[in-house]
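Next come two complexes, and both contain chain A; in the first it sits with chain B, in the second with chain C.
So, the complex of A and B:
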C-alpha cells in the first residue's frame, strides 16, 4: 500500500483543529520558557483559550457539515468524531480550570503541566478519529504518554509515584496486547482499515485478535477484569489528573470501540454482543459492590467509574444506533457529573487536606454550596431524576430492551439500587453527620466556575435533554442501518437474552 | 388561565424551591414566607381543579402536552382524572399544612423547605402524569428528598426494638446495615426507606420498559397505550408485566410483606415529612397501580388483582396488632397507616365501582386523618422530647387545643360518621362484600382494632398523671400553630358532610375504568381474531 501524502487545502482543513491546537500549544510553551515572569494563571488561561477556539472550530465543522477521510481512510472526521472531540476539549478545559490552584502546590514544572494535559487531549482527539488499527495503536500511545507523566507528577509523593509506575507497567502491557492483537487481525484479514474488514471471514485468529484489542482498550476504559490499576492510580495521581483520567481517555476509547465494532465487525455482531453483555454485567456489579467498602472518596469514585463504564457498555451490548446514541449522551452526562464531583473534591481537599469520606462530615454546615453540588453530582451518577444521569441510564436501558437483553437490563437496574447506597453514604456524611471542625471551606473562583458549569449541565441535560439527544443521534446517523441482532443470530440472542 | 392550572400546581413548589436557593441564610422568616406563598398558590390552584373538574365530561382534564424527546417517545403530558384530581388536592393541602407545621424548625430552615417543596412537587407530579416516563421520573424524584429530610431533621426511635438497644441512640457502622436489624437510628430508617423504594421503583421500571418495548408503539404515553396496548392480555408476558408493576408500586403503598420500611421511616421523620409521607407518598403506590396496571392491562388486572385481596388481610391485621402493642406514638400512627393501606387494597381488589370509589375517597380521607395525627404527635414530641407513651400522660391539662384536635384526628382515623373517612370505609365494606366477604369481616375487625389502639394512645398521652418534667409543655396558641390543624379538620369534616361533588368526581372516572376491566370479550370474537391472525 502506498500513501499519497500530497495534502490539498481541503484535506488540511479537516486537520485544522489538531494543527491549530498543536501550534497554539507550542506558542504557550514558548511563552512559558521565554517570559520568566509569566504566571501560572496566564498559562492556564492561554491554554483554555486555545481549547475554546478549537471547540468553536469543531462546532463550525459540525454545523457546516465539513467531514471527510484522510490518509486512505486512516483518519476520519465525521460527526461522531466531532462529538467526541468537543467532549474531550470541554473536559480538558474544565480540568485545566480546576488545576490552577492545585498546580501552585507543585514545586517545579508548573508550565509543563498544562502542556502535558493539552498534549494528551490532542492525542485523544486523534483517537476519536482513528479509523484503522495502526492509527488506533499510535494515537492510543500518543495520548497515554502524557498521562504517564501526569499521574506521577507529584514527584515527592510515594503514592503518586506508585500510581505512575502501576499505570505505566499496565499501560505498556496493554500496548503489547494491542500490538499482538493488531498483528493477528492483520494476518487474518490482510487489512487494517475498519470499513474494509467488514467483509472478512470469521476465524479463531480474528476472534483472538479482537479479544486482545478489546483487552487493551479495556485497560483504558477500566472495564473489569482490566481494572486493577484504576483505584491506586486514581488515589495517587494529582486530583485534577484523576478527574481528567476518569473521563477523557474513557470517552476516546469508547469512540474507538464504537468505530471498531460497529463499522469493522458489524457482521460478527452476535459474538461481540455476548462479549459486551458479559463485560457490562461484570463491570457494573464489581464496581458497585466494591465501592460500598471504600473509605476514600477518590477510590469510591474510581470504583464507581468502573461501574459507570459497565453501564456505558450496555449501549455497546445493544449494538444498535440507539445504543450508540445512548452511549454518547451518557458520556456527556458522566462528564458533567464526574468532573463536577472531582472539582468539589479538589476544593475540599485543598482546605482540609484529606480525601477520606469520614472527613466530609458536616460539609453542609461548612460549605452549603460544595455539599449541595456534590449531592447533585453523586445523585446524577446514581441516576436519580431530574438529573442528567437518570436520562442517560434510561436511554441505555431502553436501547437494551429494544434488543431484548433482559439479563443485562435486570442486572443494570439492580445496580442502580446498589449504587444508590454508597452514594448516599457520602450524602449522609455531608448532610447528617456533624462536623468535627466547623471552619468554612473556601472555594476559589475557577473551581467555582467549573462547579457552576457542571451543575448547570447536570440539571439542563436532565430536565431538557432533547437538544443533546438530537445532537447525539445526528452524530451516529451512519449507524442507522446496522443489523438487528435478532435477525442475525436467533440462537445466540436467546442465550444472551434468556 | 384554567387550562394552565396543573402547571401552576406543579411548578409553584418547584419555583419556590429554586427561589429559596437565593434567599440569604439568615432571613428565616422570608424563607418560611416564600415556602408558604408557593404552597398557597399550589393549594388555591388545586382547589380550583378539584371543584372545576367536569364530572359530565369525565376523562382526563386540564391536559397539557409538550413533546420532550421524539427519539424515546416521551412527552411532558399532564392531566388529571377523577382519581388524580383529589390526590393532587390532598397533596396541596398537606404541603400547605406541612409548611406551617414546620414553622418552628430552627436548624437549616432553608434546606428543610427546599427539600420539602421538592418532595411535595414531585408527589404532585406523579398524580398528574399521563406519561409513564414522567410518572417514574417524579416517583423516583420524590424518594430522594425523603432521605435528607429524615436524616437531617428526623429523630431516633426509642420504642423500636428497644429491648435490643436500650440506649436508643447508638449509631451503628453504616456498612453492613442490612444485617443490622437492631439499629433504630434515623440514618438507618432513611437508608432503608430509600433502598426499599428505589428497589420497588426499578422493579416497576422493568415493567414499564417491557410495556414500552412490547406495545410496539415506542411511546410512554398512557393514553395512547390505553387505546392500543399491543400486548395480548393474560398472556405470560402480560402477567409478568402486571406482577412487576404491581409489586414495584405496592412496595411504596406499602402492602404486607413489603411494609417494613414504612413505620420506621414514619417514626424517624420530622412531622411535616411524616405528614406528606403517610398522607400522599404512600398513595403513589395505589395510584400508580391504577394508572399503569388498571388502565393499560385491564383484563390481566381482573384475573390477578386477587393477590391484593389476599395480602391486604395480613396488612390490616398485622399493622393493627403491632400498633396495639407499640409504645411510640409515631410508630403507632405509622403502623396504623400501614394497616389502613390494606383497606385501599381491598377496595381496589373487589373491582366493584362502589368499593373502588370508596378506595379513592379513602386515599384522600386517610391523607387528612393521618397527617393530622402526625402533626400533633410532632407537636407533642417538640414540647416533651418524648414519643414514648409510658413516659407521657396528662397532657390534656397543658395542651387542651392539641388534645381536642388529636381526638378529632383519632375519630377520623377510626371512621367516625361526619368525617370523610366514614364514607370511604362504608363504601369499601359494602362494595367488597359480594366478592370478598372474609376480607370484609377482617376489615371490620380491623376497625375495632383501630378503635382500641387509638383510644389506648389517647389515654396514654392526654389523660392520667402529668409527669413533672413535662410541666413546661405549651399548647398550640398562635394562628400559625393552629391553622394547619384547623385546615385539615375543616377539609375532613366538610367533605364528610357534603361528599356529593367529591363522589361524582371519583365516580365519573371509576365507572368507565371498571367497565373496561369487567368487560369480558365474547368468546366468539376472540376465536375470529385468532383465526384472522393465523390466516395470511
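So, the complex of A and C:
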C-alpha cells in the first residue's frame, strides 16, 4: 500500500478552516512576542477575530455544501464535522471572552494562554473530522496537550498543579488504552478506517478493542467509571479552563463516538446499545447523586456535567438518526447553559474570591443580574420548560422511547427530579438566604456579553428550536438509513460470530 | 376530528401572556403604591377579557373555540395550539376571577418584598391560564412545569410556617416526579400517532383521530395518571398538600386548593385520548376505591384537626374524592357534576382559605380553640364563614349542592354502592364544618383574643361578597354554566362509550388526506 500525499487545491480547500486558524494563531503569537506594548485584551480580541472568521468559513462550507474526504479517508469534512467545529469555535470564543479578566491575574505567560486555548480548539476541530483510528489517536492527543498546560496554568496554586498532574497521568493512561484498543481492532479487521470496518466479522478481539477505545473516549467525556479526574481537575483548574473543559472536548469526543459507532460499527448495534445504556444509567445516577453533597460550585457543576454526559449518551443508546439529532441539539443547549453558568461563577469568584456555594447567599441582593442569569442556566440544565435544556431532553427521551429503552428512560426521568433538587439548593442560596456581605458584585463587560449571549441562546433554543433542530437533522442526514431496532434483545452472538 | 372555531384576535394568547408582560412592567416600577395599583389593573383587565371570552363562547357544542395554531417544533410534532372548549372555559374564568381577589388580598397583607410578590403572582397567572388554554400536550406540559417556579418562590419567600422551605421543596419535587412520568405518557402518544400516520403530533385534536391499542392505552393511562394524581392530589399522593398549604402563604393555598388542575387533566387528556383504558373495569375500580377512601379519610381526619387551615386541607382532599368519583362514574351526570364541582371548589374551598387568611392576619394563627367567640367580635366574618361553609358542605341553594348532587346521581347510576359510600362524605362534611363553626365562631368569648379586634375591612368584605355572589348564582341559576360545559361533556361520554377511532375509519381518514394533498 503506497500513500499518495499529493494534494490538489480543492483538497486544501477542505482544510482551509484549520489552516487559516493555524496561520492566524502563529501571527497572534508573533505579535505577542515582538510587540511588547500590545495589551492582553488586544491579543484576546485578535484570537476571537480569528475564531469568528473561521466560523464564517465553516458556515459558508455548510451552505455551499463543500464537503469531502482527504488523506485516504482519514480526514472527512461533512456536515456533521462542520456542526461540531462551529460549536467548538463558538465555545472557544466565549471562553476567551470570559478569560480576559482572569488572565490579568496571571503572573507569567499571559499571551501564551490564548495560544494554548486556540491550539486546543484546532485539535478538537480535527477530532470532529477524524475518520479512522489513527487520526482519532493523533487528534485526541493533539487537543489534550493544550489542556495539560492550561489546567496547571496557575503554577503557584497547589490545587492547580495537583489538577494538572492528575489530568496528565490519567490522560496518558487513557492514551495507552486507546493505542492498545486500536492495535486490537487493526489486528482483527485489517483496517483503521471506519466505513471499511462496517463489513468486519465479529470477534472477541474486536469487542475488547472497542471497549478499550470506548474507555479512552469515556475518559474524555467524563462518563462513569472513567470520571475520577473530573471533580479535582475542575476545581483546581483556572475557572475559564474548567468552562472550556466542560464542553468543548466533550463535544469533540461525542462527535468521534457518533462516527465510530454509527459508521464503523453499525452492524453490531445491539451490542453497543447495551454498552451505552449501562454507561448512561451509571453516569446519570452517579453524577446526580454525588452532586447533592457538593459544597463547591465548581465541583457541583463537575458532577452535574457527568450526569449531563450520561443524558447525552441516551442518544447514543438509542442509536438512531433521531438519537443523533437529539444529541447534537442537546450539546448545543448544554453549551449555552454551561458556559453561561461558568461565566457567572467567574464574575462572582473574582469579586468574592470564593467558589463555595455557601458564599452565594443572597446573590440576588448583591447582583440581581448574575442571580437571574445563573437561575436561568441551572433551570435549563435541569430541563425546565420552555428553556433549551427541556427541548433537548425531550428530544433525547422521545428517541429512547422509540427504541423502547424503558429502563433507561425511567432512570433518566428520576434523575431529572434528583438534579432539580441540588439546582434548587443553589437557587435557594441565591434568592432566600441572607447575604453575609451585601456589597454589590461588579461584572466586567466581556463577561456580561457572554452571559447575555448565553441567556439569549438558552431562551431562543427553547422558544424557537425549529431552525437548530433542522440544522442538527441536516448534519446527521447520512444516518437516516440506520435501521430502527425493534427487537431490543442484545444479540451477543452476532458479535462473537458464532 | 373535532370542529374548531377560530377567533380573529388571538385572545387566548393575550389572556395567557398579558399577566407576564404586566409582571415585567412591574419589575421596572419603584413606587409601592403604583405597583399595587398596576397589579390590580392588570388582574381586572384580565378578568374583563376573560368575561368577554365567556360571553362570546358558543354553548352546547363540543367545538374547540378561539383556536390558534402555529407550528412550534414540527420535527417532533409540537405545535403552539391554544383553544378552549366546554371543559376548560370555566377554568379560564375562574382563574381570572380568583387572581383579582388575590391581588386584593395581598394588597396590605404582603409586607416583605411586595414587588417580587406581585411579579410572582402575575407570572403564576400566566402559567395557570396557559395550562387551561393549551391543547397541545407539550405546550400544556410547559405551563404545567413552569407553574412550579413562581409557586415555589411564593411558598418559600412568603410562607407563613417555619417549615416553608421544606414544604416548597417537597411540593416541587413531588409534582416534578409525577410530571416526568406524564411526559413519557405524552411521548408514547406521539409515537403511537407516528406509527399510524408517519408524522409526529402532540396535538390533542389530531391525537384523537388515531386508534390506540388497549394495552398501550393502559400503560399511557397510568403514566399520565402519575402526573395528575400528584398534582390533584388523589389519595395516596397527597402527602405534600398539608405541608404546602399550611406552610405556604394564603394566595398559594387558595390556588393549589381552589384550582383543580389535576382532575382537569383527567377530563382534558386521559378521558378523550384513552377512553378504553379509562373505562376499563380494573382502572375504574381502583380509581373509585381511591376516591371513596379520600372522601371518608379526608373528612374523618378533618374532624380532628385543631388548626383551621389543616382542616381545610383535609376537607379539600375529601372534596377531591367526590370529583374523582364523579369522573369515574363515566356517565353524563357524574362528569358534568365533577366539572362543576371543580369550579365550585374554586369559590368554596378557596373562599374558606381567604377567610382563614383574614383570621390569620389578625391573630397570627388559625387555631380553632383559640378563636372561640369570633362571632361576637367579627359578625361580618362569621356571616361569610357561614355562607361559604354551607356552600362547601353542599347546602341546597348554593353551588356546592348542584355539583355534589350531580356527582352522587352519577355515582348511583354507575353502581349503587359507590353512591352509598360517597353520601357519607356529605354527612361527615357537615359534621366537621358545623363542629368547627360551633367551636371557633360561636362559643364563649376567649379572653386571649386581642381587645382591638376589628371586623372585615372594605377589601376583605368585597372579597367575601364577590365569592358569595358566585356561590348563589351557580347555586340558584346554574343553567348558563351547565350549558357551556354540556357539549364537551357529552362528547367525552360518547368517546368513553365508543372507544378510540376504529382502524377502518382512520385509514379512510388518512386516505382522504392523501387524496386532498
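Things worth noting here:
Keep this in mind: the second predicted complex is superposed on the first by the 486 of 498 C-alpha atoms of A that agree within 3 Å, B and C clash if a C-alpha of one lies under 4 Å from a C-alpha of the other, contacts with A are read in each partner's own complex, and residues count from 1 in each chain.
Convention: a contact is a pair of C-beta atoms (placed from the backbone, for glycine too) under 8 Å apart; a residue touches a chain by one contact, two chains touch by 3 or more.
Please read these numbers as outputs of a predicted model, since none were measured by experiment.
The superposed arrangement places chain B and chain C in clashing positions on chain A. By the touch criterion stated above, A:431 is placed in contact with chain B and with chain C alike. By the touch criterion stated above, A:421 is placed in contact with chain B and with chain C alike.
By the touch criterion defined above, A:211 reaches neither chain B nor chain C. In the superposition on chain A, contact of A:179 is made with neither chain B nor chain C.
Once the two complexes are laid over each other on the shared chain, residue contacts for A:385 go to chain B and to chain C alike. In the superposed model, A:278 lies in contact with neither chain B nor chain C. Annotation for chain A, partner touching more residues between chain B and chain C: B. Within the superposed three-chain model, A:293 lies in touch with chain B and out of touch with chain C [touch as defined at top]. Counting contacts by the rule stated earlier, residues 325, 379, 384-386, 390, 394-395, 397-398, 401-402, 409, 413-414, 416-417, 420-421, 424, 428, 431-432, 465-466, 469-470, 473 of chain A appear in both its interface with chain B and its interface with chain C. Those residues of chain B that touch chain A in the complex are listed here as 25, 67-72, 108, 111, 133, 136-138, 140-141, 144, 147-148, 151-152, 174-175, 186-187, 190-191, 194-195, 198-199, 202-203, 205-206, 209-210, 212-213.
Every residue of chain A that touches chain C in the complex is listed here, in rising order: 325, 379, 384-386, 390-391, 394-395, 397-398, 401-402, 409, 413-414, 416-417, 420-421, 424, 428, 431-432, 465-466, 469-470, 473. Residues of chain C touching chain A in their complex: 71-76, 138, 141-142, 145-146, 148-149, 152-153, 156-157, 165, 169, 172-173, 176-177, 180-181, 183-184, 187-188, 190-191.
If you check the complex, the residues on chain A that touch chain B are 292-293, 322, 325, 364-365, 368, 379, 384-386, 390, 394-395, 397-398, 401-402, 404, 409-410, 413-414, 416-417, 420-421, 424-425, 427-428, 431-432, 464-466, 469-470, 473.
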